[in-house]
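So the structure is just underneath, and the comments pick up after that.
In this document, chain identifiers A, B, C and D correspond to the written order of the chains, with residue numbering beginning at 1 in each.
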Amino acid sequence: MITVKYFASLRTIAEMEEDRIEVENSISMDQLSDIISKTSPKMGEFIRDKKVMISVNQEMADSDTIIHDGDEVAFLPPFSGGS
Amino acid sequence: MITVKYFASLRTIAEMEEDRIEVENSISMDQLSDIISKTSPKMGEFIRDKKVMISVNQEMADSDTIIHDGDEVAFLPPFSGGS
Amino acid sequence: MSTTTDSKIRIQLEDFSVTDEIEAMKKVSRNIGGITTFLGTGRELSKGENITQLNFEHYPKMAEKKLEEIRQQAIKDYGIIDMSIIHRIGPIEIGENIVLIVAVGEHRKETFVACEWAIAELKRVTPIWKRETTSKGEVWVQDTP
Amino acid sequence: MSTTTDSKIRIQLEDFSVTDEIEAMKKVSRNIGGITTFLGTGRELSKGENITQLNFEHYPKMAEKKLEEIRQQAIKDYGIIDMSIIHRIGPIEIGENIVLIVAVGEHRKETFVACEWAIAELKRVTPIWKRETTSKGEVWVQDTP
């Protein structure tokens, strides 16, 4: 199972805060975006168009990162902390 | 009357903290150093050799500054405030 | 108002005391001569809009990890003695504290450089997001310079 | 411990509270987004010597005038909103506060530059002198880098 998290403005786009996706094997980011597209077409498009940053297990990742069973994937809009 | 002030390490050299010097007219810094030399030869030497900074009425001055009756002249060793 | 100063990296709802955080850092060494701090506070104006409230959200664990990486790199790269970083989340009123970075060192120069680098790096790499409330509604801030 | 924060330029025997000074500066504007502070503290080591106490002396009136000039020039040249400068005189123990500069601005960049300039300028032009007490006795510090 993969945990998928959406933060800040992406929660509105994905229409959810967190999702859990059952997988049998490791999957590519493209495959994950296809799965996400089924429930959130716009979110899938954002991922494919590289409009969001991605982290896997709290480390920055990219579209080439392979996702394994048990991983936590997060989609991150541009950061705006600091002040 | 001119007020003369000595700060920090210069107090030890002048062997005083403050002096009052009666003058009839305005005097040059050279004339003042001659007067000071009479009581504190080493201090007079420091002034002539430009080993000290000088302020007149709390503004930085130099060896060309003319000193008038009523002025406050201070001899200032290198500053070391700040931390 | 203020909370424990035990940890040098904190993301918290509560306000913090700058004095308490500085005093906690002073305990690290008797050889501290310079302390530079940056405090970010809630401004009323943003791009011409009047802001009534700010709201910060973070990615728990990842944000703390990034702040700790910034702290470690600042110590290593700039030769400071230590650094603490605190960021608040949740609602922030105008004038309130948002973020604090305290850099302590033997001399002042390295603490200025390390502190300025750390706040820029925090904005760049830390998963924290700001929502601004104005008369027009609430918006997530997408770009900070 | 702390004293009135009424004046933005102060030379005083008493300690000060960094939090109180920052809060006093926050009252100047609702548009403050960045606050950089520099706090100088008493270090134990100086040129390999163990220091047991510091002692600061100033030229009254002239020192305050120089600090006010620094404040005015920082506001004018760096575009900050305001600045406060406090320097202690008299005996200072290791770890104690010596000098505080608070620069407040709309954005962080100008507050860093103004604060760093102000402490360098303070050391250069303000008639304040430091005496260090070590096991070898007391010496006036003649050169600060």
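Heads up, the rule we're going with is that a contact is a pair of C-beta atoms (placed from the backbone, for glycine too) under 8 Å apart; a residue touches a chain by one contact, two chains touch by 3 or more.
Since the structure is predicted, the reported quantities are computational estimates derived from the model, not experimental observations.
Undergrad: I want to compare two interfaces, A-D and B-D. Which one has more contacting C-beta pairs?
TA: Ranking A-D and B-D by C-beta contacts puts B-D first.
Undergrad: In angstrom, rounded to a whole number, how far apart do the mean CA points of chain A and chain D lie?
TA: Roughly 49 Å, centre to centre.
Undergrad: From the C-alpha centre of chain C to that of chain D, how far is it in Å?
TA: 22
Undergrad: Please compute the C-alpha centroid of chain B, do the same for chain D, then give the distance between them in whole Å.
TA: Using C-alpha averages as centres, the distance is 27 Å.
Undergrad: Where the CA atoms of chain A average out and where those of chain B average out, how many Å apart are those spots?
TA: 74
Undergrad: Any chance you could list the residues of chain D touching two or more other chains?
TA: 33-34, 40-41, 43, 108, 119
Undergrad: Going by the touch rule set out above, which residues of chain B reach two or more other chains?
TA: 83
Undergrad: Looking at which chains touch, is this a line, ring, star, complete or other?
TA: Shape of the chain contacts: other, as it matches none of the listed patterns.
Undergrad: If I apply the definition of touch given earlier, which pairs of chains qualify?
TA: A-C, A-D, B-C, B-D, C-D
Undergrad: Give every residue of chain D touching chain B within the complex, in rising order.
TA: It is residues 40-41, 43, 56-59, 61-63, 65, 87, 98-99, 119, 122-131, 140-144 of chain D that touch chain B.
Undergrad: In the complex of these two chains, what residues of chain A are touching chain D?
TA: 83
Undergrad: Which residues, counting only chain D, touch chain C once they are in their complex?
TA: Spelled out, the residues of chain D in touch with chain C are 17-20, 22, 26, 30-45, 94-95, 106, 108, 111-112, 115-116, 119.
Undergrad: Which of the residues in chain B end up touching chain D in this complex?
TA: 5, 7-9, 55, 58-59, 74, 76-83
Undergrad: Give every residue of chain C touching chain B within the complex, in rising order.
TA: 33-34, 108
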